[in-house]
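Per-chain numbering from 1; labels A, B, C and D assigned in written order.
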Amino acid sequence: MTAQAPLDRWEHRVEWPLAVVAVVFLIGYSVDVLEQPHGLTAQVVRVLTALCWGAFALDYAVRLWLAPDRWRWFYRHLLDLAIVALPLIRPLRLVRLVILITVLQKAVGNAIRGRVVVYTFVGAALLVYVASLAVLQAERDDPSAGITTFGQALWWSITTITTVGYGDEYPVTTTGRIIAALLMIGGISLVGSITATIASWIVQRVAEEDTTAQAATVEHIEDLRSEIRALRAELGQLTARTSAT
Amino acid sequence: MTAQAPLDRWEHRVEWPLAVVAVVFLIGYSVDVLEQPHGLTAQVVRVLTALCWGAFALDYAVRLWLAPDRWRWFYRHLLDLAIVALPLIRPLRLVRLVILITVLQKAVGNAIRGRVVVYTFVGAALLVYVASLAVLQAERDDPSAGITTFGQALWWSITTITTVGYGDEYPVTTTGRIIAALLMIGGISLVGSITATIASWIVQRVAEEDTTAQAATVEHIEDLRSEIRALRAELGQLTARTSAT
Amino acid sequence: MTAQAPLDRWEHRVEWPLAVVAVVFLIGYSVDVLEQPHGLTAQVVRVLTALCWGAFALDYAVRLWLAPDRWRWFYRHLLDLAIVALPLIRPLRLVRLVILITVLQKAVGNAIRGRVVVYTFVGAALLVYVASLAVLQAERDDPSAGITTFGQALWWSITTITTVGYGDEYPVTTTGRIIAALLMIGGISLVGSITATIASWIVQRVAEEDTTAQAATVEHIEDLRSEIRALRAELGQLTARTSAT
Amino acid sequence: MTAQAPLDRWEHRVEWPLAVVAVVFLIGYSVDVLEQPHGLTAQVVRVLTALCWGAFALDYAVRLWLAPDRWRWFYRHLLDLAIVALPLIRPLRLVRLVILITVLQKAVGNAIRGRVVVYTFVGAALLVYVASLAVLQAERDDPSAGITTFGQALWWSITTITTVGYGDEYPVTTTGRIIAALLMIGGISLVGSITATIASWIVQRVAEEDTTAQAATVEHIEDLRSEIRALRAELGQLTARTSAT
């Protein structure tokens, strides 16, 4: 436990700074794709994006350095390496933003189902927005592309993540199709999370419905145990009295 | 508890009147979209719709006024405000109609799974109908629209809510696409509810199947407790007899 | 219990005869749609179909007659009436065929999950086959129809029930679209059943995995109870001995 | 138990050799479809594929021979016979490769949910790859086919298994459509597995969340039992003492 402490302390300390970096990265990425800036703005965006990349790379290096068993950590965090190294999946850095959800949780409370709902909706919204940006960047320069505006990209993302897939718009480039595949996997997980949350709620309500069919809980067992303890105390008194005679 | 009483009493009292207002609104909305009335009918519909809007706005104002902590209530009911203020999501007022389901519940009974099934089917039917009206109103004046009759709108709604999405018809306007996105989220929840209900049923049946693997219930614990109480009574008698000698 | 006995006896007695009638109806329906017979064959098919209809109508009438509370039975079996009265949903008579599944169950055993899997697969196969026949009959005479052969109808049914919905083929007539809607609802239930079966299996396996986290079962409670009974017997002996001295 | 031993021993012994044969078959199949080889390479591939077929046929024959009740085994392994006999479903031999997953499991551990996730992802990836090869082979020579390159086949597989189904590409041959149907069933199971894993996780977390609502576990029952045993020991001592006086 103490051996892992420096890594834990680092991860706790950079949680919020990295979320800020992710927000900056998201803004830079949005401006880059939506505005297609020239001149000074383009340079600012380029520098900002590079700085964000640097922050994530530094975080990766420090965490690898602090890990007690580096090979093990390296194998278990191959995705983190890929996010730093591969330009294509750079937007995945935005998963750092889930920490912003902790702000929302004050309203929702700490109940696990409430948290799953919040993560699902915020995660889905972020996924749709980022996938729209990424697919727009990948597609718009292709002559046979159907997705050429952000509105079309957003509409395509929503029909894809919900697995409706009208087919009025779809990516035609390899990059766009890789983004689409990731979005579809996200869509399946989204459907899964919603279904699972409803299922968990129904299972619990069905169990509560009928007292005679309720699962025995730790509370009931504790009640029983206190009864047995009282019994034992009485027996102890009896034993004491018997030996006194 | 007593502090919240006036708000609770108000909400209980206006439950049925608001359901009636929602039915009137639904009829007005249907006539408006399907008949595209002129002259007197158009004016009647306009007045009726305005009155319904007034009733909902009044209800919102009264509830905000009666709430013990108004800021908190305001934050937690932003959706209610949006339903009153934004014309686009006006049809969401129809969620008030779910109270009509209580009439259906007499046949279904109070079991939680039966209620989930009724809510899912009635909710899905209402959602399909209203989404068809809304998308028809949004699309039919667009020159590139494919959805121009109510039959097409209904067919599109059904293929969308089930996430089949043939793509023979799809909305092309921004308003239509926002309605589509809401319908898709409804479709995912619909699939989720059906799956969850089946899952809950199977889990329960599997548990019932094998007595030796049945989860211990409160009933079993109660049986145990009465045994221990009998034991304690016997011991009490013994103690009394011992102290008597 | 005794009041409902005649109805129960009738339903039990006609179970297999009605399944045979359903098979005859299925064959007649298949020949009618696939062969589009003329002359004598057409007449034989027409007579057979009429006889099947008569058998189902008779069964409905007898059951209504035998029901202890006829109004109640009438309300609860509106779907049965619709199957007899409405030509469009005639194929639903084939749900009688599920009884044939009992033959398959010898291989599967009586476990609830095995039965759900068998019902799901046999039901899905039957649904796909009947929906293909029905949509082919509804569509093929329409000049704008894409579904004109049984192969196309079958392919369309499969893409629809799995909610994939490529959109290369889709119904264009009202009858075809009603069949499609029923098939989609079937598809959602199919997906739901498969998911629910897997979920139930995982939940059970997770519970079995870790003994200390296993839910207490009736068996454990029975063990406890026999311990308490032994304790009580010993105490009884002690009491007897004490009163003997 | 001893009667089935030779069959069990054989199956255990050929597990890894058959996985190697499956890998060779996968490579041969990939080269055959992707390279469309001529001359010597084509002959090597043909011989390799025939050898693989021979190995699977031999395995089937030996297992049938070793089975204690051959008819029963024959009925329960009709799918195995079909895999050996029907060229169309030859790729199903690759299910043998799931044994390679045991290598991956060292990293994942033995927890049932971790294993379901690994099986789902590896199985889905293998299914997508093999379905892409099979559909490409079936479609590319058809003049009306849309799927003519491996990239298109892969894109089609992914949109199909996730049930998105844009409809920009779809099989037109009968063979291709049978492959598509199998892939869709795989897609539904994939969605089901992911949903079920999430559901199981949420159900467990919800149960852990609130101690007073936790299901009683075997551990709690064991605690109770040791209390009762202590009680019984004390009572035994008391009895001994009473009889001593």
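Everything below uses one rule, namely that a residue touches a chain if its C-beta (ideal position, glycine included) is under 8 Å from a C-beta of that chain, and two chains touch if they have at least 3 such contacts.
Since the structure is predicted, the reported quantities are computational estimates derived from the model, not experimental observations.
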Most widely separated chain from subunit B, with each centre as the mean of CA atoms: D
Copies subunit C and subunit A - interface residue numbers shared by over half, same or different: same
Cα superposition of subunit B on its sequence copy subunit D - rotation in ° rounded to nearest 5: 180
Interchain centroid distance [CA atoms averaged], subunit A/subunit C, Å: 39
Whole-Å separation of chain centres (CA-atom averages), subunit C against subunit D: 28
Per-residue multi-chain contacts in subunit D, two or more chains: 163-167, 191, 195-197, 199, 203, 215-216, 220-221, 224, 228, 231, 235, 238, 242, 245
Contact graph of the chains (line, ring, star, complete, other): complete
Contact footprint of subunit B on subunit A as seen in their complex: 107, 151, 155, 158-159, 162-168, 190-191, 194-199, 201-203, 205-206, 209, 211-216, 220-221, 223-224, 227-228, 230-231, 234-235, 237-238, 241-242, 245
Subunit D-facing residues of subunit B, complex: 163, 165-167, 195-196, 199, 215-216, 221
Residues of subunit D that touch subunit C when the two form their complex: 75-76, 111-113, 116, 160, 163-167, 170, 174, 177, 180-181, 184-185, 187-189, 191-193, 195-197, 199-200, 203-204, 215-221, 224-225, 228-229, 231-232, 235-236, 238-239, 242-243, 245
